[in-house]
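Quick one: the structure is below, questions incoming.
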Amino acid sequence: YGKNTIKFLRLHKEGKKQFVKEVEVCAHLRLTSPQEYLEGNNSLVIPTDTIKNIVLVLAKKNGIPSLEQFAIDICNHFMTTFCQVAYVKAYVQEVPWQRLHEDGVPHIHSFICVPDGIRFCEAEQCRNGPLIVFAGIKDLKLMKTTQSGFEGFYKNEHTTLPERHDRILCGEFFCKWSYGECKDFDFNCIWKKIRECILEAFAGPPDCGEYSPSYQKTVNCIQMLVLSRVPQVQVIEVVLNNTFYNVVDMKNLGLTNDKEVLVPVETPYGSCACTLGRKTFFEA
Amino acid sequence: YGKNTIKFLRLHKEGKKQFVKEVEVCAHLRLTSPQEYLEGNNSLVIPTDTIKNIVLVLAKKNGIPSLEQFAIDICNHFMTTFCQVAYVKAYVQEVPWQRLHEDGVPHIHSFICVPDGIRFCEAEQCRNGPLIVFAGIKDLKLMKTTQSGFEGFYKNEHTTLPERHDRILCGEFFCKWSYGECKDFDFNCIWKKIRECILEAFAGPPDCGEYSPSYQKTVNCIQMLVLSRVPQVQVIEVVLNNTFYNVVDMKNLGLTNDKEVLVPVETPYGSCACTLGRKTFFEA
Amino acid sequence: YGKNTIKFLRLHKEGKKQFVKEVEVCAHLRLTSPQEYLEGNNSLVIPTDTIKNIVLVLAKKNGIPSLEQFAIDICNHFMTTFCQVAYVKAYVQEVPWQRLHEDGVPHIHSFICVPDGIRFCEAEQCRNGPLIVFAGIKDLKLMKTTQSGFEGFYKNEHTTLPERHDRILCGEFFCKWSYGECKDFDFNCIWKKIRECILEAFAGPPDCGEYSPSYQKTVNCIQMLVLSRVPQVQVIEVVLNNTFYNVVDMKNLGLTNDKEVLVPVETPYGSCACTLGRKTFFEA
Amino acid sequence: YGKNTIKFLRLHKEGKKQFVKEVEVCAHLRLTSPQEYLEGNNSLVIPTDTIKNIVLVLAKKNGIPSLEQFAIDICNHFMTTFCQVAYVKAYVQEVPWQRLHEDGVPHIHSFICVPDGIRFCEAEQCRNGPLIVFAGIKDLKLMKTTQSGFEGFYKNEHTTLPERHDRILCGEFFCKWSYGECKDFDFNCIWKKIRECILEAFAGPPDCGEYSPSYQKTVNCIQMLVLSRVPQVQVIEVVLNNTFYNVVDMKNLGLTNDKEVLVPVETPYGSCACTLGRKTFFEA
């Protein structure tokens, strides 16, 4: 297969108010015949340059009402225009520009980049198959400074980790979910709702939080809340890359460190991941 | 000289409410004698490991009320404790953890990382010299989608750039300023005020903006506004790493692109910088 | 599943001569029950910290005669020690330390890091399934300054790319292959042989090279040569991330640029990939 | 001032044999008047785009016989062409393409990227001042697995580091030196000679090495050897970013680890730097 990445800006105006979307689009294509690999026959090959032109023309003509709709437009274009395309996947990722505010007043044409979790989506289709749409958030860094522990794990002669009932829970989340039949979805609204679910399930109630017995359970709580609140989600995958923090031992320095000063442990670096769907569950 | 970098977390509680600061500290030391370089005599050398311990002990004992105060504490400690230290500089940078909110309610112990500009500061001192404090913001990405141009520049036989009166102004800012005699400054409050000045001078009034004739003039506007609004600032340096965007030419594709689709130009990559002080001005 | 990454150094001596391997090991485990996700029951969970200890103990006891043997050792240990492990994968990657030479004389204990392609391997096993071993090279950057073109591709109204018969072929290769039943393989020797095949197939004969009609065909040539020369390889995957270079148009500057000065095109960024096995072929 | 970065490829042929240089050039300019900052008057500003054109035209016309000569050409061009330029600095850095060899035979047009230390140079000039040329190597990673220690350092109540007489010495070097009056220097030849000096001073004799009592002393040894062997060098600056490795304590795991397994310590991260010139010495 071949893929390629294009980054561009799409502007539009409503009156004098300006709107901006900066996206990175990656299109994957697989052709019905591998003759360009085996025989060096390029007659069916759609050059990277042409793919770039098509993506830019679609952005110009249709705009980017949502990342998902734009990914769907790309899939549709390749499937209907090129009979040599056997499979197409369009990945779209957003640069998180947010409108600037001055004393609460939104600015008509100025923006600031706020990367507190990156929105992305994916649409894919095999010829004669259904169009499947995924959406997600990545690079979302969250931390709980209490209400987290890890106890009762398996132990043998290689175990040196002590049990802990009040540690830091910190990590970078990657969440990706699939939609079912996506007729007239308000993708922007659903995405915001899911992001809120993720934060709520991670943190628990604002006044007291909720105890997490492991990274794995927190991953599961996020999945359960999203599936229960957002009926459009069919399956949700969550990957959590942990950052561990150790309380610094200050006994040699004559001090008692009551979980006040901690250092990140860069090695080993752990991650846990789970995929959860409706009805039936499967762990990857 | 020697320097080293330490990253750690400082937690504290007020009742049940938790507060967190994650900082990266880099301490530079220069000794009165270079004998460890010339003779391999280590008797005056303060090991990296000891420096780390001192920074952690200071964080434990004093907390981090502001980055600036913590940097000052570090300088003071080294100057008063080690007579072999001729010069000390402490650089402190913050990981931008922000308290999570659920429906507007702040969470007592959960945080999200929001890197929309990184706060840092620097304190430095030579033995028998004054303690100088700098503060700043870096990795601040801003964009104006209109009200920016570049015309009337110098032209010769190597000029191919057309004049433009409606281009995108986009870039990453690095701003660093020095404080004068810093007695009882509220460093946190001043820093927020300066950040607002930078955004306001970049963007102009929210309803109409302000035309920028060049990156250089925008840099100068920021400096002028900060100096006029914040009397504690003595000198301010601004570096702007530009991202250029070109309107895609779609004539060959049969379309008129009215500044709707633009692509970033990754080469050449430009930057402009200026340092502005009170009374006298100097360009670096 | 869970995974984690550990980086460490393994030294050994033969007489006074020192040998070093610095590796990054990533172990993935999937357990027979997902109870830690669903119920917060940690009783089967093997902590990251324990996995780290096991990897270090294996390195201490067995050494790292080859990356592949070490990955096999890790798989074997987890499968035979923990009955709750349903699946294990060990990824091992090398930091490319090479012995220093002074006037051709090898140094007994000094090394330089030479990252001209990174060696890695992977061993994986499901309970009751075979142990499968992969090896590979990544981050291998190669360039041909001539003997490369791209012509006869598919054209339509979105095509703007001109045909070229003398372009630069440049890119970063990722190659990964699987071994069949790996009894008593000399993994180090085979890996070196495959690396030579990749370079030879890319470059062609040293005195004249060989014309490449496309990135895809070059990928295929590499695969064909490896499969024909190295009987231990069962399947080989090659991914090529292209860097395009454009000849700078200097007409406006009054000069004729005869493919002397070229600039990299950073967007769009393309890649092509193919997986080729024995007997039957399949394109991913 | 303003600066900008351009990356490009310069090819040339001798008969059928092809040669390639890929460089990144960064030109800094300071103008005689800051009117573009203060008044928004662009009439003296040389746009980034024009600077790019000039660099490419110089590469086309003169080629790149050495990085240093190319940097000198750039300085000369700006000083002689633009009377509004008060200061110019040209930084040139090389992508380390090396000719491929097959069984010892050099290939006529194929190259591999081997980043074992990156060559760079800098030329700078103030109007009416001398042209000063610097050269250097960066990202050079070296390791000694024995013959290194750190003892006899300053101790107080914050000291926890034990003395060690057989540790790993590992780090990334940045070395930069200035040439005096550079008439007819063979910059390529001198650079290779200095690189060899750095490796030799770091490693010591190949059969036994030389004991290093500290990072600082190793830095000094490199500087002394370069100054003694290469008369064209006036001043040399060396920065060493250390990577520390700790011997893993395996007592709890029932094993004796005789400096066989070590892990990198990522925090604190130290660096030491020194600048050494002829006759008089000064430490920065």
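Order of writing sets the labels: A, B, C and D. Residues in every chain begin at 1.
To be clear about the criterion, a residue touches a chain if its C-beta (ideal position, glycine included) is under 8 Å from a C-beta of that chain, and two chains touch if they have at least 3 such contacts.
Predicted, not measured: the structure shown is a model, and the values here were computed from it.
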item	value
Chain whose average C-alpha position is farthest from chain B's own	C
Self-contact between copies chain C and chain D, residue sets same or different by half	same
Centroid spacing, where centroids are CA-atom means, of chain A and chain D in whole angstrom	39
Euclidean distance of C-alpha centroids - chain A vs chain C, Å	26
Where chain B touches two or more other chains at once, by residue number	6-8, 53, 57, 158, 160, 253, 263-264, 267
Footprint of chain B on chain A - complex, ascending	6-12, 16, 18, 20, 53, 56-57, 59-61, 97, 100-102, 105-117, 140-147, 168, 196, 199-200, 202-209, 245, 248, 250, 253, 255, 257, 259-264
In the complex, chain C residues that touch chain B	157-158, 160, 252-254, 263-264, 266-267
Residue ranges of chain C touching chain A (in the complex, touch as defined)	1-8, 30, 34, 36-38, 40-54, 57, 81-82, 84, 150-154, 156, 158-161, 213-214, 216-217, 219-220, 242, 244, 267-274, 281, 283-284
